[in-house]
Amino acid sequence: MSMANEPLPFELRHETAQFGMWVFLASEALFFGGLFLAYLYGRTHWAEGFDAAARHTDVVIGSINTAVLLTSSLFVALAVVAARALRPSDRPPGDAERARRRSAHRRVAVFLWITAALGVAFLVLKGIEYRKDWLDGLVPGTAFRLGDEAGAPPVGAALFYVLYWVMTGLHTVHLTIGVGVLAVFAVGASREADWVQPPRIDVAALYWHFVDVVWILLYPLLYLPGRAG
Amino acid sequence: MNDGNGVGAGFGWLGPAASSAGERADLLLLVLFVVCGTVALALAVLIVWFSVRYRRGSKADRSNPPSNDWRLETAWTLTPLAIFLGIFAWAAWDYAQLSIVPADALPIQVLGKQWMWKLDHRNGRREINELHVPLGRPVKLVLASEDAIHSFFVPAFRLKQDVVPGRYTVLWFRPTRLGEFRLFCAEFCGAEHSKMIGRVVVMQPADYARWLESGPLRPGLAARGFELYRSLGCSGCHDERSTVHAPRLQGLLGRVVHLQDGRSLVADENYVRDSILLPKKDVVAGFDPVMPSFAGQVTEEDLQALIEWVRATGDQRTGGRG
Amino acid sequence: MNTVTVDRGPAPPAPPPQSAGPSYLDDGHTLASWFATHDHKRIAILYAIAITAFFAIGGIAAAMMRIELATPAGDFVSDDTYAKLFTAHGVIMVWLFLIPSIPSAFGNFLVPLMIGARDLAFPRLNLGSWYLYVVGGAIVLASLFLGGLDTGWTFYTPYSTMFSNGWVVVALTGVVVVGFSSILTGLNFIVTVHTRRVPGLGWFRLPLFVWAIYATSLILVLATPVLAITLILLAAERLFQIGIFDPAHGGDPLLFQHMFWFYSHPAVYVMVLPAMGVVSEIVPCFARRRIFGYRFMAYALLAIAAIGFLVWGHHMFVSGQSPTAGMVFSMLSFLVAVPSAIKVFNWTATLYKGSIRFDAPMLYALGFVGLFTIGGMTGLFVAALAADVHLTDTYFVISHFHYIMVGGSVLAYFGALHFWWPKITGRMYPEIWARMAAGLVFFGFNLTFFPQYLLGYEGMPRRYHAYVPEFQALNVLSSAGASILAIGYLLPLFYLAWSLRAGARAGPNPWQATGLEWQTSSPPPTENFASLPAAPDDVYGYTPRLGRSPLHVDGE
Amino acid sequence: MTRTLVFALVFVWVALMALLASTLALAYVPLGDGNLVVALGIAVVKSALVVWWFMRLNEASAKTRIAAGVALAFFALLAGLSGVDYATRARNAAPVQDAKQLAPHFEPAPPAGSPLR
């Protein structure tokens, strides 16, 4: 049999997809790593400037958003578990098999819709927070001020907000891509499309979890410093 | 202008090193050249010899060619490692001498700005793109930049030091040969980067002293510093007679300062400049942080003048050397 | 048209390739068959064409610089234009030619063939990487045509953010896009080598070229993201006039240098490791000898990739970095020189008791070994702290990295081009012309760059548009060498194009080389192999491993 | 089998929520520099939970785990070695005083043509 049309075994496709995604996530981790290094520099050199600036971030929205993302991570993990039922199985094709796969498709669709909805909720809350930051003058530049604080903000406060906008901005871009991908898979699952296969849902879920992990690490850096006294 | 024993203008040779650090660097470079040269030559000869001896069709013994030999591999792993670490240690030792500035070094403030060098001697004599220094005495250049990164490079001294805006960097050398030497900017800083050049003139100490005094009559850097010390209002708090409880500045440079958060550091130019621009950053132990920041009110040149005055106060107490 | 097989002595046991359908070149001639192909071989050709175009543009910029530097006074171009020239030369040569040249062109073509695979792990991602590369390259070219930028390929702040008025942000975008293409290419290779090897092909039976591409891919995936984020922070700082590198707001220009060189030093190993892989394939083939110390060579490749990440601080010895950090980076830089030394000794030892032919690929390979040795040795000069204080930012450093990048990587690229030309096109190149071109390149290169070592020692700073008169003689020599080098580079363009039409047909294995890519027809069919190839039980079977019967009679 | 897996995932989620609550609460306890250390410690624990359970690194192949580990190692390398420079570098001075806006106190600006400009 010639090499051309030999379909790859499921296990190899699954392993290739998962390993490939983890290598990609390694590169993404170093991509955000550069930002964490910049934050480390800023924090060690201008500690009181960073603390003064961080007091002006909205910790309520930040905390809610963290909870939203953690919950969305749970649901996408449940979607992956549900998708395991869609693996090519050697059970005899028939009504029972078709019903089992339909209910699996439905469960995957529901979990993915919930995850995407939570993602959208995060984006909405983030939009509200950005608008509030804008009105508070927390945008580094000539008109930079720390909300209602009088006097020139301490050195380093402007740097904090440079990092705040770049970090949360890049995270939001990644999250928007994630919501788009999950929505596409959710539509595919609800239509029981055949391209909705476990390896692909796994990869989408891994990407979503990564975006969640980045936020988990951003949260203590951007929202919690300077809260105590 | 070329100081070496060059032949004609077109082909110049750098000539022997003109600073103490330069002579050591030349020795290191010579040894590096000899060691690497012999190894490279040996390799080239080996390759050519193998190529000729074992070219296809040549009558040569090719029985059971070795394809690996861990003893040989270990040998040519550990030997280069040993040689390399030897070279590293020697070079690192010489480099360490560069960062230990002799106490009696003659301080000169250097300001690099887009496409010129401003150099200020202690008595206020200013030079543009030129530096006159006495033979045999260590000279300490305190380098500051107002815009992009420059690099103070004197090939004859085999020395260069980047000039980074926002911090002072220090370069010291002891000239060992008389004459004029090229000064270049070695870090790209804009369109006229290649015009930001000049010369360093090493003179006999007597000639240098005469040259220093004969300069245009401008108040000394320290005197300007004192003037600023009063006009900016520093004397209101820091003067001995003032009632405000503020740290004494006399002889501050070089003194160990104990800070409120328990750290203690040797006061250097960076520390004085920092305390003027960011007083609340390193509060001296036993004082409360009431000093206002002068950021935005003083330029780099004013800061250099103030620092020279603080250095000069130290001299009055210890006989005013230099 | 007889099939020429150069008389090499008996071939290693190559199973006769059955006919497996049309070659990949004849498998469709429409535009879509090229620009929407998933075949790694066609994507490799697309890369090769784009790379040659960018090499030409970068070369033109270099030629104009050499004309400018022939005279002390800057009279050929204005100082601002000169700054834009060396920036264009740097950005194009680094990101658009050297980094993708061997990995994306030859790696794409050969890795699946060498491991007996049908294609890379992610064919569509491979095509996507090519489009990212071309789009990124187009954006960089757009920034040059709009007016160019004068920051140098290193974009040092605060000049690039506060004082440069060139099209910096557009060029940065182009480089970031090309960076993502590198990441995805690296990812593709890593997964392919891990999961697509033909059953039975263990890691230590892989050709060293596959090891080299694997080590390079590790660097691509782990270093390029840091470049991407650094350039994004730089673009943000330039647009909003405030950022983490801005000294006027408490930022640190040295932080940019740390993050930039964290990528850019491993990047120079991305440029040289694939070249080492190519030489490790060519030298055994033309010396008819098993590579000496195969395992040491494989581990040396991984060691260079790993230690390459620890040494970036040697670019910053005089930049204001603390002396302690300088010493740490200097020692680590000496450590990374050891594996390179091992590789040079092993290539030389491979010639021992060989039966050496001096075809064009071998000339390029031996040229690589010689020039890489000189480049590596002068690397020790600039890694030694006290010497670097004098030598950094002068023409000594320029000559050092050109010896490794041009004397090393470009020579190996041309060696690979000639060695695998029969496999890629099914045609043989004209041997005499090729050897002449190799000689011209070798001579022209040395005449161009050896005088720059002397200029550097004399203290001529880099990136100088006009220089003091005493540097003129050596600069004239260098410019003369550059013209010869240019001719040497143009010759292959002609005779290789000629060989496409009128070159002798090459059989499946014209060099009698070992390796799976030589066991399929030339040019190979779209699915690479008629049937699943058997994993070779020996990776460089030119001479017997210890104790097996000799493969070829001595002194034939 | 999936039933126990679902319970495990929900349990991990509950743990994550608890850690979020604790890190938020601890942020208001004045620990000085300890605040950042504690907050980052909890964040690392939360990340580990997500990576190990939600991203199923627990049942991933060896090379996948190495890929995850290598990313962490190389970030530590980047931060560590540049940290060597920052830890040992002389004090970092204050921001540069932009001379363009400030006329030097001292001397009147020299006439345009003079070499001192």
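Here the chain labels run A, B, C and D in written order, and each chain numbers its own residues starting at 1.
Please note the rule applied: a residue touches a chain if its C-beta (ideal position, glycine included) is under 8 Å from a C-beta of that chain, and two chains touch if they have at least 3 such contacts.
In this text, all values refer to a predicted model and were calculated from it rather than measured experimentally.
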item	value
Closest chain to the centre of mass proxy, which here is the mean CA position	C
Highest-count interface - the chain pair sharing the most C-beta contacts	B-C
Separation of chain A from chain B, taking each centre as the mean of its C-alpha atoms, in whole Å	48
Whole-Å separation of chain centres (CA-atom averages), chain B against chain C	37
Mean-CA-position distance for chain D and chain A (Å)	17
Whole-Å separation of chain centres (CA-atom averages), chain B against chain D	34
Residues within chain B bordering two or more other chains	165-167, 278
Junction residues of chain A, two or more chains touched	15, 19, 23, 26-27, 30, 33-34, 37, 41, 45, 155
Chain C residues counted as touching two or more neighbouring chains	194, 222, 226, 247-250, 252, 254-255, 258-259, 320, 323
Residue numbers on chain A that touch chain D, as the complex places them	15, 18-19, 22-23, 25-27, 29-30, 33-34, 36-37, 40-41, 43-45, 59, 63, 66-67, 70-71, 73-74, 76-78, 80-82, 84, 155, 205-206, 209-210, 212-213, 216-217, 219-221, 224-225, 227-229
Complex contacts: residues of chain C adjacent to chain B	74, 79-80, 83, 150-152, 156, 158-159, 162-164, 247-248, 252-254, 287-296, 317-320, 323, 326-327, 330-331, 334-335, 337-338, 341-342, 344-346, 348-349, 351-358, 366, 369-370, 373-374, 377-378, 380-381, 383-390, 392-394, 457-459, 461-474, 540, 543, 545-546, 550, 554-556
Interfacial residue positions of chain B with respect to chain C in the complex	1-2, 6, 9-14, 21-22, 24-25, 28-29, 32, 36, 39-40, 43-44, 46-47, 50-51, 54-69, 72-73, 76-77, 80-81, 84-85, 87-88, 90-92, 94-96, 98-99, 114, 147-149, 151, 153, 155-156, 158-162, 164-167, 169, 182, 184-195, 197
Interface residues, chain C side, partner chain D - complex	194, 222, 226, 247-250, 252, 254-255, 258-259, 262, 309-310, 312-313, 316, 320-325, 328-329
Touching residues on chain C, where the partner in the complex is chain A	20, 118, 121-122, 183, 187, 190-191, 194-195, 221-226, 228-230, 232-233, 236-237, 240-244, 249-252, 255, 258-259, 526-532
